[in-house]
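One structure coming up, written as structure tokens, with questions to follow.
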Amino acid sequence: MNQPMDSTHRLPSWLRPPDGLPGHQPSPLIQTEKLSLAYGTQPAFDSVSLSINRGCITALVGPSGSGKTSFLTCLNRLTDLIPRCHVSGRVHLGELDVLSPKTDVLQLRRRVGMIFQKPNPFPLSIRKNLEFPLREHGMTDREHLDHLLLTTLQDVGLWAEVKDRLESPALALSGGQQQRLCMARALALSPEVLLMDEPCSALDPLSSGVVEDLITSLRGRYTVVIVTHNLAQARRIADDVALFWVQHGTGQLIEQGSSKQIFDHPQHELTAAYINGIRG
Amino acid sequence: MASSRMLDSDHLSAIAVWTAACLVGGFFLWLLSDIVWHGVAEISWEFLTTAPLNAGRDGGIGPILVSTALILLVCMVVALPIGLGTAILLAEFTTDESLFGRLIRRSLDVLAGVPSIIFGLFGNAFFSVTLGLGFSILSGGLTLACMVLPILIRSTEEGFRAVPTDYRLSAAALGLSRFTTLTHLLLPAAIPGLLVGFILSIGRAIAETAALIFTSGYVDRMPESLLDSGRALSIHIFDLSMNVPGGDAKAYASALVLISLLFAITTLSAWIADQWLHRRIIPV
Amino acid sequence: MIWSRSTFLSPSNRDRLLVWTLRGAAGIAGLILLFIVAFLILEALPALRTLGLIRFVTDPSWHPGEEFYLMLPMMWGTLFATLGAVVLATPLGLLSALFCRWYAPKPIARTYRRFIELLGGIPSVVYGFWGLVVLVPMISRLHPPGPSLLAGIVILTIMILPTIALLADASLAKVPQEYIRGAAALGLGRWAIIRGVVIPAAKSGLFTGVILGTGRAIGETMAVLMVCGNVVQTPQSLFDPIRTLTANIALEMAYALGDHRSALFVSGLVLVGMILTLVSSAEWISRGRIYG
């Protein structure tokens, strides 16, 4: 029988305490090889080879239009939904060949959650927003659903705020609360990877701070890939940083490395210029 | 000199515009008041429920209303699943470039322009003769179903297109199947569009005459089954005014009933569309 | 963790099934047009085979009982009635749209637009009936017999006016405010702005409206059948009774047999041909306009 979600990907071996053990070698979970994407004839980014470490927070930075968000959508094959979108190259998630037509995208997207720039809860109640995807993935046990509801909402720090109005519409929440609900919704499916597309940019500074703390707290338990325009934020939260830039009419990966290395000893002149705020 | 000529053309055009508007508006009021004036005296509960007598000069339109309702029922029962399926395919599962989608769209556009008498010819040749359904409510309803499909599909498709892309992306990002996304998220959100399309289609079908003459027929008895011939309200008006000397009074009354039904239908659809707009704007 | 799978179809398979079901529905919807054309041709074939196309334009008259099948007078009837209606309805429709957008105070404009929408929803049989009991007697007083080309033109005008007015109105609404402000800043009067800026910008919508209205006029059956008198002749004046192609089908289909029935399907084909020619030439023209 096909066991729906085999539990191998949740082995605790890659669980790492948030502060990281000294001398622990990060191992790549996602690797892209010469990944390119074009909308029709318009290339979005070209030939990006990037590796993303397990349990780390990787920030993608760079000016608008350099293909960061497009890159993100390749990792969970959301590109399938975009008309005229053409992807080439390879993406590996552990052993899985992500772009292969044989890959079950629904299972893939369960392993790779995504948070969008604009909070996008469903027009349902708060409870339904969390339970509906779980039920669709075959979890119907009432007790377990309630348990997950409680723990994920606690995880995102929303439980105290919404516990009395779980049945009220999610769209009535504030922007920051909606975004945290969306994170809870993604976390409830216990994904390995979380893709975040500027999750704070549509929020006010206060909510943005709350969400940022939340992201930091995910370190070690999840592999996070976050697109951000906020360099200070990238510096605060990221373990690794990758810089995208528009060159020759298309987005390209300029430099990647640990946050420390990129911010303190940038190798490429564009990186140096960008982090010093001269360009971009 | 120049400025006074400009003033003149401004005045002249204003006069022309107001005259045209008064003409059209006046004409409309004339037509409507004429029908209401002559029709309202005849309308009573008895008129709506009893059978026509003396070729329709006396009695009511009971069986005719029943036949009309049955024809509409057949029409919508057939058109809805096909129309909904096509609309979903066009809105959710085809890109603008896909050949299949383009062919379907093109075919529907042309179909929308086909005169209703042609649908009548087709319905007679296909449903009545080839399929052997004869002159029956079934033939008439099926013919109308073909006729209303373009308008039904168009507005249902609009309904789906009005659903924010966010829903689709976030559902996909959660690994939900497209079937689930469709039934749990998109369909509920698109229901107003579906409703508007449904109502518009009923409006189109109830107003139709030419497509029914040789498909559902003229028989004004109470239909006993869907294979019986049944006279639609519009055909009743046609028959009374053209073939029955002295049938004008009842024709007026029937026309008033038909117009009132249509008025109710358009008002309802406008109201739904309105509510929908409001509902979409407020929570976002 | 309890992950149970209760459905017997996996989600991906269910998606595939869904798409194929939808394709089936869309296939049916798309095939209707093909079916219609196929049946028209199939039913028209006997007449085309025994009579040939030429007899429809060379026979002495339309007397199916005597096997005469001259279609020309009815084609003229359709053409004249349509042309007359389009010539009248186009300016009226445009003026109505201008009234709504530019001249009428807001509440009046809204009521007027609603009026026009209602006018567009009134069934053709009601127009026909009203024409028969009100309009035809009036024309008959003016110039007997009454049922005439003129009556047909008037009724068709009212029937296609809403189509033209509403589409013109919609395209007027889309004219960018900057154009209008720009023209007003040059000190142009209202009519000069309308003629010089608004109407050119709204041309394509107006054009579409006229094409759709023409199509509707060609295909209209019941109303013309009821007011035009249905005498098969080429009209010499506005007051002559005429019979259109559509009315002919509606009148004779009930009892037509053999070649006669088949000849009626030929006229159906002619009608579809007219509509298709209209639509495709309109597309051709508007495409030329976009790139030219």
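The chains carry the letters A, B and C, assigned in the order they are written, with residues numbered from 1 in each.
To be clear about the criterion, contacts are C-beta pairs under 8 Å (C-beta built on N, C-alpha and C of every residue); 3 or more make two chains touch, one makes a residue touch a chain.
Computed from a predicted model, the values in this text were never measured in an experiment.
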Q. What chains, if any, are shared contacts of subunit A and subunit C?
A. B
Q) Whose Cα centre is nearest the centre of all Cα atoms in view? A) B
Q) Centre-to-centre on C-alpha atoms, which chain is most distant from subunit A? A) C
Q.
Taking the mean of the C-alpha atoms as each chain's centre, how many Å separate subunit A from subunit C?
A. 55
**Q.** Distance between the centres, which are taken as Cα means, of subunit C and subunit B, whole angstrom
**A.** 16
Q.
Using Cα averages as centroids, what's the distance between subunit A and subunit B in whole Å?
A. 49
Q: Mind pulling the residue numbers of subunit A that touch at least two other chains?
A: 105-106, 136-137
Q: Going through subunit B residue by residue, note those that touch at least 2 other chains and give them in order.
A: 177, 180
Q. Listing for subunit C: what residues touch at least two other chains?
A. 11-12
Q | Residues on subunit A engaged by subunit C in the complex (per definition of touch) | A | 2-5, 7, 104-106, 136-141, 144
Q | Complex contacts: residues of subunit A adjacent to subunit B | A | 76, 78, 80-81, 83-84, 105-110, 113-114, 116, 118, 120-123, 132-133, 136-137, 169, 171-172, 182, 185-186, 189, 195
**Q.** Residues of subunit B defined as touching subunit A within the complex
**A.** 95-97, 164, 166-177, 180, 184-185, 188-189, 283-284
Q) Which positions of subunit C touch subunit A when the two form their complex? A) 1-6, 10-12
Q. Where on subunit B does subunit C make contact in their complex?
A. 6-7, 9-10, 12-14, 16-18, 20-21, 23-25, 27-28, 31, 34-35, 81-86, 88-90, 93, 100, 103-104, 107-108, 110-111, 113-122, 124-126, 130, 146, 149, 153, 177-180, 182, 203, 206-210, 213-214, 234-235, 237-238, 241-242, 248, 251-252, 255, 258-259, 262-263, 266
